[in-house]
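Naming follows writing order (A, B, C, D, E and F), and every chain is counted from residue 1.
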Amino acid sequence: MSRLFPMPYHSLMLFTVWILLNGFAAGNLLLAVFFAIGIPVLVAPLCPKEPVANQPLKVIIYFLRLLVDIVKSNFDVALRILQSNRTLKPGMIAYHLELQGDLPLTILSSTISLTPGTLSADFSKNKSILYVHVLHLDDEQAIIDNIKNRYELPLKEIFKC
Amino acid sequence: MLEIICSILLIIGGIFILLGSYSMVKLPDFYTRLHGPTKASTLGVGSVIIAAIVFSASNGGVSLKELIILLFLFITAPVAAHMLAKAALHIQVKQRKDSVNDKLFEQAKQQKDRQE
Amino acid sequence: MKLFLLCFLPIIGVIVPILAKGFGRSQIAFFTALLPSVSLALLFSEMFAVFDGAVISHQIAWVSSLGLNLSLRLDGLAFLFATLILGIGLLVILYARYYLSERDNMSRFYSYLILFMAAMLGVVLSGNLIQMWFFWEMTSISSFLLISFWNHKSEARKGARLALTVTGFGGLCLLAGVILIGETVGSYELDVVLNAGDLIRTSSYYPQILILVLLGAFTKSAQFPFHFWLPHAMAAPTPVSAYLHSATMVKAGVFLLARLYPALSGTDMWFVLVTTTGLMTLLYGAYTAVFQHDLKGLLAYSTISHLGLITLLFGLNRDMAAVAAVFHIINHATFKASLFMGAGIIDHESGSRDMRKLNGLYRYMPITATLAMVAAAAMAGVPLLNGFLSKEMFFAEVLEQRTIGAISWLIPVLATVGAALSVAYSLRFIHDVFFNGEPRDLPKTPHEPPRYMRVPVEVLVAICLLVGAFPAFTIGALLNSAGQATINNAVPEFSLAIWHGFNIPLLMSFIAIVGGVLIYMSRKHLFRFQASFQTINASEIFDKVIHQIQCGAQKVIGWIDNGSYQRSAFILAAFALLMLAIPISKISEPLERLAHTNVEIPVIVGCILLILGSIATVLVSHQRIIALAMLSLVGLVVSIAFNYYSAPDLALTQVLVEVVAVILLLLTLYFFPQTTPSSTTGPAGFARDILLASTIGAVIGTVCLLMLTYHSESVSQFYIDNAKTGGGGTNVVNVILVDFRGFDTMGEILVLGIAALGIYKLIARMRLSIRTRDAQGRLWSEDKHPMILSVVSQSLLPLALLISAYIFLRGHNLPGGGFIAGLITAVAMILQYFAHGVSWVIARNKIVYQSLIVSGLMIALLTGMAPLFWGYPFLTTWFDYFTLPVIGKFELTSALVFDLGVYLTVVGSTMLILSNLGKLTTNQRLKVKER
Amino acid sequence: MEIWFSVAVGVATACGVFLMLRAHTFTLVLGLTLLSYAVNLFLFASGGLTTDSAAILGDKAINSDPLPQALVLTAIVIGFAMTAFACIQAMRARSESGHDHVDGKEQRDISTKTETP
Amino acid sequence: MLALSLQFAMVCIFVSLLLNAWRLIIGPETTDRILAVDTMYVNSVALIILFGIYTQSDVYFEAAALIALLGFISTAAFCKFLLRGDIIE
Amino acid sequence: MLLDHLAILPIITPMLLGIVLLFARLHENMNSQRVIAICGQAIGLLIAIVLLRTVIMQGPIVYQLGNWQQPYGIALYVDQVSALLVLLTSLVAFCAQIYSCAGDDKQGIFFHPLMMFQVAGICGAFLTADIFNLFVFFEILLMASYSLMIHGGGKNRVLANSHYLFLNLLGSSIFLIALGTIYAAFGTLSYADLLLKAQNIEGTQLLLAQAGIFLLFVVFALKSAMLPLHLWLAKTYSATSAPVAALFAILTKVGLYCLWRIHGVVFGSGTEPLSAPIMEWLSPLALLTIALAVVGILGSKTLRQLASYLIIASVGSLLLIIAQHNAQASAAGFYYLIHSTLAGCAMFLFAGIVVRLRPKAQDRFVSTRALPSAGLLSFIFLVMAIAMIGLPPLSGFIGKALLLKATFGSSWMMTSWALILLSSLVTLIAASRTTSHLFWKASGDAAETDKVHNLELIPLYVIAFLLLCLVVFANDVEGFTQSAAQQLHQFPLPQMLNLKGGQ
């Protein structure tokens, strides 16, 4: 099983992408399956085993939440930008991580970067701190809580770490 | 109907893309400017893409393949931003004088494991 | 046929001595002599025919377009010279046997000698002018070899080079002259040319022809002012001097005068040029000869002066004079050759040639002395010897000529002076060497030479005596036929009697002899007088001149080609601009009217971006990293432009190439200074370059505008019509690439492959220092592989592969194809390299990129070759549609296989380049086994 | 519109040529890249500029010229190969001569002294 | 209506591109310039999609997809260069 | 079956062999590489001979690649001229290949494959009848030459290569611009179609056409090292390794061939040829080239530099021939071309030997200790010098004479003759100097350590023999070049354009 699907999520992604690209037809299905299985096997040596996220539902919820946040924060950052620079209070915060594992951390940092107004600048050496740059930093703690509750904890659940 | 949605989406997209680039010109220091493009890449391009989907729906065959672009962007854009921030910290790009937690920039550069 | 044998036996003879190497010296000499003797026999077998005035000739067509035939022609003149060449040649072979020492490589000497003999025979027997030139040059080459026979001696090397240069120059002039003659007459055959004298003399090219031919003749015959090589040719072994530089080769020049006498002579120009030259040479040679201390030097200058005499005779435009000249050729050959051999014997047996040391040798070598004295007397023109007869004829002829009117008396007077001088140096030769006290500190005590070494001298002296005593009987027939051949006409009546009664010529001879004796008496004063001039050494001057010229040339070359790339590039660009300027300057209607006027914002924006990007790249080019950023802007705009102008394939390619290029340039930049040093070109050069570049830009822009506003109907419609039906694809561009013009693509991937190999080759030997700090002196960040980048790149790889598969499969029908797919794969792979590092990838990825390239190229090539086996041309494609139950209708095409080859090659090459480049800084760095 | 395009191509060419006339290899590589962009656009333009008619057989009529596109594609590939080679050649030259001047500065007449490895 | 909004969006993007170019040229930091280029890549993705809508054809889709997928690589490479000098090690 | 595809074989055979030589196992093992390479070149030679024979027997061949009819597909066009040049290429390559096996090929990797690709490129350039395909083959041969150029490494080679590379990159860009312009003007790329369309054009089309044609002239001038674009040649050729330089002896001929074929015929026929304004420049440029070569021959400090300038001299002479623009002259030109190419090749190979035998002094004109087997070497040199100077009995003198005849009565006749003869004279001076410096004047006896390798001598013997044959069979050769020239100057349009492709 794991030799056939070294990366199940990838296989899924590849399958869907192929179908999206070529439309839904018998020949395409066959090819999609072929690639979904073939490519991961081909690149397996280059991709170490990924931690399995075994709550698909939570994943979807997380994703939707992310989308909503993006839209929301987009608008207020937009307003922020239209005001004068003087009112702006940019700053850096050091976010102490509980989350571990490369993939989860990557997802977290990408999430942070994707939502306008915050930007994951760098990790500390042992990945215990994530330095986050904030466009408008009036309430540091609020932002930290926000990140922790909305993203980090859910990710912890998803990846069981 | 679909046309109207499409048009609205296009306008939103346009505005946000413009905002992104505008902020990149306007904002005071590199780190703040770095926030700009995220808008372009997320909501801006996002709504344009959805507009495209809606449009394709409006003349019959709905094709979702534009979503793939969105997927790609969502995967890659943060990395670019992250790398840029990292690089900026490394080459000690000056942040604005009155930035909050000024010293943290230095720590971030050295990737300190605990904050003093 | 006999003629060919006669001429070519010696040519074969060249190898005989080399084959005979193993044998003893005498045997070698014997074998060498065989073939020439046979030739001589053959020659004499034709004697009577020739004396009857017959012209034996034989031709074989050779290079028709050049008018060059193998054409031999034996008439009196040729017979005379052939006899001299073979006869004296044989004597010289015998003489050389004893002259050369054990140390000398005898067989080499002999083969050179025979080579010369063959060449000389060729010259005199040629019936075709170009063929004559052919052998003429051969004589120069062989004399070069012979003079430089002792090439460990510096003067031998110098003398050889000098002789070759002068005679070679003459030879080239002669070639030009000959071709001019041929083009004027319409044939190079001697028979034709000799009878076309009037045509030549009246042709507009006559002056050029005459000057060129005379240059050839004069240089060869050491006529003033080209005489200077001859004395230095005396560095050659004496047999050579005797053979080449008295009897034969130097005679080639006068032979040419004789040969072309009917064709060229008879004009005032001929008279002036030839006579003057001859006269000056006669006097100069004779005068200088008097003051030589070296025996051979004296003989050399006397040779010069006698050649001058002969030339002078030819110049007089009188048939009888020509005959006299021929006569003197014979006489001079005999006595001068014997004198040289005598000198050689003296040198050989006494170890010196310096007349100040050599004295009173008569007591040591009476026989040789006697022989030498007889020969010298002949040279001086003493009665009862052959020299006297021709001298008399000479006097008679100079008295006869009237061409220069009132001052005609000048020539006889000067001739007498010359004769007197020749008497003087002959006297000196005799008295100074054989009498005049005791020898002074000679290396060895002189004695008679070995018996057979003297034989050649004896033979020649005998001839001198015989001819002198019984001219009509001995030489009459030969001279007659030779003279007839020379003037191409019946010889005027002449008598070869010794005694013509008291007449002016006799008086002149008498004056000459008396004057000569007087001159010799007063030599003390003359030498003192002469010593007041410093002697000039021609070969040193020659060396200096040549050296000067070479230094000058080196300067010029160094000045033109200073090894600067910038100069070459500037010239190239300027040349291109010049070429474009010619047609562009012809544009009549103003360009505004050419331009369409509709406004498209996208285009305007794009152009603004492009212009900004380009100019910015130039402005910041000294800050290299920034320049790269600017450049990638340009690349982006270009790809968008391709998209906008409905070329999706190009857009895709451009985007990908852009990415790869940026990676490549960044990899390169790591090893380079981050900023360009202030350029070596000064402000002037800068302005110059800016001017040139902007002008080129303007012109190219104009041409572009012309193109855009002009529309020729092109072949493209064919592609659009046949893409689906003939190529089996709907993406016309791709069908063109893999089918209509698949050959281009074949070549293109080959270029890519070769580039990869070449780069591998370049990297293999590369040693570069690795920088530990950046330009601002900051240490590099410790975080080698940022975590996010690694993770994302991993998850991107499968996606990228999927996309490239997608692009590859649809390429034939929609934008895409093997090349683009290959680039996508490559870029994704590269991403792994710089996200995880080389060692990480190498540990996990076992693909050998070189074999990717090889297999790619192989697949492409074999796909191209497959149709050959069905009798179709290279790269003919095949496609068909199939239907399977589940999948439905689909197409299979050979173009896809070809495209696969493209894909593999692209992946392989790109990876080979980038990965090896990346490895440079790692311990994985490529090490090539030096075989 | 053609005038804009032409001007852009002209400027790009000028810049590329100017950089190709410099003396330092890296600058030359930059120039080469820029010049090949310009040249590709030029070659592309030889078929005329048409929007919204990609050379894909389908419902739309094709009035763009596919041939120059194919030529440009070949040109791009070859140009890429050349650029790559030029880069590495520049590096090698630098590693041999110690600096990135194209003539290797002080050394002038190459033919006089050639060492074999 | 649609055409109008389409043109509006396009104009927005053109203006953004020009703004980006402005940032690219004035800098001041190297990272600023790199950011500018990166943003232009993203914007051009949107632009190409708009072309697609405008011309009602999807032959331009791949270009957009590729830029979205691989455009960041050059940005990353630039950053890696600034961070480590040697981008493949 | 292969005989129907004879035209393509000179291109794909070396390609195939080059690729085969790259197979990992092979390119580990030097000996097998050498065997394959030499056999490959031998096969190439054979093919070239058969091709030439076929062309002579059955007239020109038009080979339509991909079975697409002219002018839509790419076609190869083989007439006696291109066949001759292919044969020359194979000959030179064969000699160089053999020579290289004496050890030069071990001084770096990929030598033999690159040689193969180089040959493929050159042959392609000679055979193709499509102007863009010509560009592609130019790039192939250039790429291969860049890579071969630095074979063996060393500072000067690499630096010389920089010069050569960047200059030619500029050249390639010019080539592309020219192609764009020409396509815009004619809307076609096939020689035949271009020739057809070039007959009656005016207005903008004329301007465009001429712009393109003139730019093309620049490209070919650069390739053939015509003054003032000669600067790269001496530098490059005298820096690189002997076998490569020897192969390069044919490289300049590519440019000349293109001028001959394209500017001389494709754009050079009709009442008022498009290339006429340029061809008027050709004579003076050619004469200047010879003049420069004369100075260079006198001023050269090394044997290889001398050889390079001799090449330039021959280029000048051939340009002069091309400028005459008539079949008679071309015939002479072809003879001279054969001779000069072979002689030049030999010169470089010989220089290679000298360089190897004199590790310190190399081929500089300074006397050192005597060379091993100096007698033999000096004899060989004498032979080549005789060929180069144009003295009998080797083919040089016929070439010289033909040159003189060909330029007889032309405008510039006197200058041409003077320069042609002068170049011979200075060659003679230089050669005699060389002989005396390199072989005669010696300080101390020869070192016993290294001696002349037979593989190095064989090519020289072969070439010397061929040069002799050129004289002995001069009439036949001349007859051939005559008909070749005839063919060159009458391009068989109908034959090419009326062929129907299979599709």
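What we mean here is this: a residue touches a chain if its C-beta (ideal position, glycine included) is under 8 Å from a C-beta of that chain, and two chains touch if they have at least 3 such contacts.
Everything numeric here is computed off the predicted structure, so don't read it as measured data.
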item	value
If a chain touches chain B and chain C alike, it appears here	A, E
Other chains in touch with both chain C and chain E	B, D
Most widely separated chain from chain A, with each centre as the mean of CA atoms	C
Chain B and chain D, separation of their C-alpha mean positions in angstrom	33
Separation of mean Cα positions, chain F and chain B [Å, integer]	59
For chain C paired with chain F, centre-to-centre distance based on mean C-alpha positions, whole Å	17
Chain centre separation (chain E, chain F; CA means) in Å	49
Residue list for chain C, restricted to those that touch at least two other chains	558, 561, 563, 565, 569, 573, 628, 644, 648, 667, 669, 700, 707, 709, 714-716, 719, 741, 744, 748, 751, 754-755, 758, 762, 765, 774, 781-783, 786, 788-789, 792, 795-796, 799, 814-815, 917
Sequence positions of chain E contacting 2 or more other chains	10-11, 17, 30, 34, 36, 59, 65, 69, 71, 76, 78, 80, 82-83
For chain F, residues contacting two or more additional chains	132, 136, 139, 143, 146-147, 150, 153, 162-163, 166, 170, 177, 180-181, 183-184, 189, 234-235, 300-301
Topology of the chain contact graph, where touching chains are joined (line, ring, star, complete, other)	other
Which chain pairs touch, all of them	A-B, A-C, B-C, B-E, C-D, C-E, C-F, D-E, D-F
In the complex, chain C residues that touch chain A	782-783, 787-788, 790-792, 794-795, 797-799, 801-802, 805-806, 832, 841, 844-845, 886-888, 890
Residue ranges of chain D touching chain F (in the complex, touch as defined)	16, 20, 25, 28, 32, 35-36, 39-40, 42-43, 45-47, 67-68, 71, 74-75, 78, 81-82, 85-86, 89-90, 92-93, 96-97, 102-104, 107, 109-117
Residue numbers on chain A that touch chain C, as the complex places them	7, 10, 13-14, 17-18, 21-22, 25-27, 30, 35, 39-40, 42-43, 45-48, 102-103, 105-106, 109-110, 123, 125, 127
Residue numbers on chain A that touch chain B, as the complex places them	17, 20-21, 23, 70-71, 74, 77-78, 81-82, 85, 88-94, 109-111, 113-117, 119-126, 128-129, 131, 133-135, 137, 140
Residues on chain D engaged by chain C in the complex (per definition of touch)	1-24, 26-27, 29-30, 33-34, 37-38, 40-42, 44-58, 62, 64-67, 69-74, 76-78, 80-85, 87-92, 94-95, 100-103, 105, 107-110, 117
